[in-house]
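A, B, C, D and E label the chains in the order they appear, each numbered from 1.
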């Protein structure tokens, strides 16, 4: 059957996780490929988590957090922007397509936006095909 | 003190006083036009002429003097109504009325001295009050006299004008007047909704009931001059140097109740607010109704007459795709209240233009039934626009065009006054407050409660509560209920006396910390400090909120974000990728 | 990783939430999958985990089976994380040895295909179980609460709360932007429905 | 007590670690005193066959430096593992892939092409590439197969101890020899010959304001020899690299650290960890400005993963594209 | 055809193997000297900043 990407989604407890909850209570339907991992703030998401996801078999990584300025901890998401910007350059050198890692701001009231972000991202990763970088390894 | 006689009655008067002031103190009325106690006398109009008799070298001399600028002297005999005085005054009135026939005092004197009043005149009597006022009090020197004799006239450098209105108020003939920027009649100009001067008491029930100065309009703050209010205040309570001072307080809980901000209906041009006369917002209509208000509670049109028909427009800006989708919840009920008040105070026809009448509260529906009996007309249909009269019977009225969905026709209803029930918007500084106190906002911009059903007055930040319209439009009973709910939640926290801090915070392991200080600037709560002699950074557990940003940055993994450690998250990643 | 999991006795409790979860997910399949995960000692399904009997299920298993970690797969932790933490604590298990994963708002309510939703639920449960391998007991700190309160906004809401609190003997700082308190209500003459004064 | 059997082997390394052992000067006497060398290609004439004939575990301690680049490296590493009680992965190459690991940014084909065809000084008109099997008249000749990816020793065999550094500092090699001599080796899997704290702990350059507005390459700035490199916008991997090297670069040679001593004890991927730390101190919250600051870093992967590319989570550039 | 192989060649930098083929008379028929070592410095130095090259290429040979 067709390739179904496995995507890890990092959701910040105060905004995007609550936004995903709202999408749930509003029964908004979206694709099931993103597996949420809850963190207290998008600032907790380290680039090594993203690398670990790919090493552990993920095809895409979605990082979500509060809109800049709305962070429950005031500045957490600013650090995320900084790390994301440098990580993107490194991933490019690692030959990881730009569309495989995405940073999106979803507030606690944007249930519909969360669903849209997930669907869009899954479609993009699906188009890129499986990551399996680790398979073409030694020989 | 000096002893003098006025109209042959003896008086004791202070030396420095002018004749005019002495007579006024004695209760004798002397007409004046170009006199103002805050400005140097210009002695141009001549109305304040009096006859003065004095002993000089044994002979009694009589002379005429302008009382506004002549001082009293010992033994002076003043006659305010002698023939000589009246004759000179008559000449002065003739000269002045020719130039400014509308001035009430001149018309009154003209009748007294039966002088004919010309149809119209130049208006300016060259009294120079505006020149002195603008120079001495306001300090902007906008006006000057130019030309000699017949050509003498007033000129103004308008770019220096700060629109403080002092010249307009002092001009005795009304020659100088204030215009609205859009050159339209200010709604209720006579009624002047809002404070008249820069120093005012906000309302009769103001707490604290003290006057305040509006620095934007106060001349002293703008030009450094004037200061009349401090001169007249006997208690010398006015101190212009008062500055805002920052007070630091330590609190355990915070309640945000900044209320709402009324929607500005100018954005809906079709209702003509700001362009058509007698179109008011609900708060303006409230102020009109208020006994302490400009009309003493009477419902009056701009021209001062009672309206014969009033339209109350519901859902202005609410339940509207282009503005606010939400229902502002309170407008239906206060519109009914307005209808009742109008019926009570005038015998006007009242039309309520509504979509759905939301009388949901206790005693609300009964109040609505009462209004039906009082003959209020309810038109089921949101108003399309308020427009100009076309047909004969609409002459001089505002025409409300709406689709009456129950009748299924477009109707044109002429009214004298329209009240717009504007939407309740989030407070203007909601975004700043939200950021400051870590409270997120729902899609419509109001503060976001922790849970719509289970925690309506608390927020996702412990110790920060919200109540009232800032959390969402609501009426007074609901607001009071929420306020008490929030107060009780705060009280229960206070009575508990202590709170358990979530243990999911970060910690630095000294054995692994190399003192590289990468984490030091990352903490928004300044929980991370560096000890130079130990060469170690450490986290203050009470300040740390557990966001984990420092743990993500620590290059030696010396910071453990408890309950969200690297191992836990990495293993969860492996787990979800089965 | 294996060393960590070896010492663990994890209890996994999957909630039906009435039909909210069971209506879409094949819960028995998730339970059966969970019991196959390393370190899982007990794995149960229950209709309403947040109900008292549901919580008792956890408490008893902790006591009887000697569980040293608990995973609940149900609704959002923002709703009932505290409920289950208190339940674990009541049974003597440190509240931070409990982890909750959301298979309702993030699974059963948002995916069309039941099989996909079930597969995702399994992934979330597996993630939670592997995460509990590294959970460590933590102690809560207690901090004194400053009894005074700051109220921002001197409208009817602020005044009412200030009076309630002050009468309760607490110090209140009422902060109002405008020169006088009263907010919009002070501008009203009469208030519905009783049309009495608004003073 | 009987002398230990010691084997020292170099796989995909440069021999620098062997020289480091020689540089211990008197240390060699101590080694000779406590051990008999059974294999040390750079210094003694032992042959592979001798090792193959040994019983398993015959060798007490084996120091392997260099990662696994070709089939011979893999074979010898596995062989020595079988024959040795204790295997120590010595030096950055064995510990985390080292400089040769940088080849993981390219595929086998592009490396061979470049080396045997494109380089200007190579005359190879027929474009012949090395082949693993070549049948000459006399018989078949076999050379080791060149793998597509370099791996650190621990990715191929179970390693008992790691001795980081490129090369390991001489005083650390001597210290390890002492530990071996006394026989008080720490628990299995430990890193020996290095500190548990990162370089900043021993670095004498004071660290003040961790706020970087601009990154400089060393020639773009006259930097202050006393102040910390990172504070001045010069990329230094000190915060993310184990100490113990005696700050021979950052203090003694006034050069920023390039991470040869490998990650701190609990860190899995040194390059990515440093990336997170470096990005966090960028002093801007505006995405556009951040991007422009980040673009000032000349070669992120080449700098952050200089020695640790092969041991990073991704280990290599995804090779399904032409590169 | 008899073969003697010296594997590895020692006391020098780098790996190598010599395979000597003797004919029936025991004389050397042919000798092959194999140098299998290739790291790829020529390729992976591409893209590295020029100022870092001295710190990379010193690791070609440590002896």
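Quick note on the criterion: a contact is a pair of C-beta atoms (placed from the backbone, for glycine too) under 8 Å apart; a residue touches a chain by one contact, two chains touch by 3 or more.
Quick caveat: nothing in here was measured; it's all calculated off a predicted structure.
*Asks:* Show me the overlap between the contact partners of chain A and those of chain D.
*Replies:* B
*Asks:* Going only through chains that touch each other, how many steps at minimum separate chain B from chain D?
*Replies:* 1
*Asks:* Please find which chain has its CA centre nearest to the centre of all protein CA atoms in view.
*Replies:* Answer by centroid distance: A.
*Asks:* When I count C-beta pairs in contact, which pair ends up with more: B-C or D-E?
*Replies:* Per the contact counts, B-C leads.
*Asks:* Which chain has its C-alpha centroid at the greatest distance from the C-alpha centroid of chain D?
*Replies:* Taking each chain's C-alpha mean as its centre, the farthest from chain D is B.
*Asks:* Based only on mean CA positions, could you tell me how far chain C sits from chain E in angstrom?
*Replies:* A distance of 65 Å separates the two centres.
*Asks:* List the centre-to-centre spacing of chain B and chain E in whole Å, with centres computed as mean CA coordinates.
*Replies:* The separation of the two C-alpha centroids amounts to 90 Å.
*Asks:* From the mean C-alpha coordinate of chain C to that of chain D, what's the distance rounded to whole Å?
*Replies:* That gives a centre separation of 48 Å.
*Asks:* Once you find the CA centre of chain A and the CA centre of chain C, what distance in Å lies between them?
*Replies:* Whole-Å distance between the two chain centres: 24.
*Asks:* Taking each residue of chain C in turn, which ones touch at least two of the other chains?
*Replies:* Within chain C, residues 123-124, 127 contact more than one other chain.
*Asks:* Where in chain E do residues touch at least two different other chains?
*Replies:* none
*Asks:* Could you tell me which residues belong to chain D and also touch two or more other chains?
*Replies:* 105, 268, 273, 276, 280, 299
*Asks:* Dump the list of chain pairs that touch, please.
*Replies:* Every pair of chains in contact is listed here: A-B, A-C, A-D, B-C, B-D, D-E.
*Asks:* In their shared complex, at which residues does chain D touch chain A?
*Replies:* 105, 147-149, 151, 268-269, 271-273, 275-276, 278-280, 282, 284-285, 287, 290-291, 294-295, 297, 299-301, 304, 312-321, 323
*Asks:* Which stretch or stretches of chain B touch chain D in the complex?
*Replies:* Going through chain B, the ones touching chain D are 511-518, 520-522, 535, 549, 552-558, 566, 570.
*Asks:* For a test of understanding, state which residues of chain C touch chain B in their complex under the given definition.
*Replies:* Listed in rising order, the residues are 1, 4, 79, 96, 122-124, 126-131, 133-136, 138-153, 155-161, 164-165, 168, 170, 173, 177-195, 198-199.
*Asks:* Which residues of chain A touch chain B in their complex?
*Replies:* Per the touch definition, chain A meets chain B at residues 6, 8, 14-15, 18, 35, 37, 39-41, 43-46, 48-49, 52-53, 56-58, 66, 69-70, 72-76, 79, 83, 107-110.
*Asks:* Which residues of chain A touch chain C once you look at their complex with the stated criterion?
*Replies:* It is residues 13, 17-18, 20-21, 23-25, 27-32, 35-38, 115 of chain A that touch chain C.
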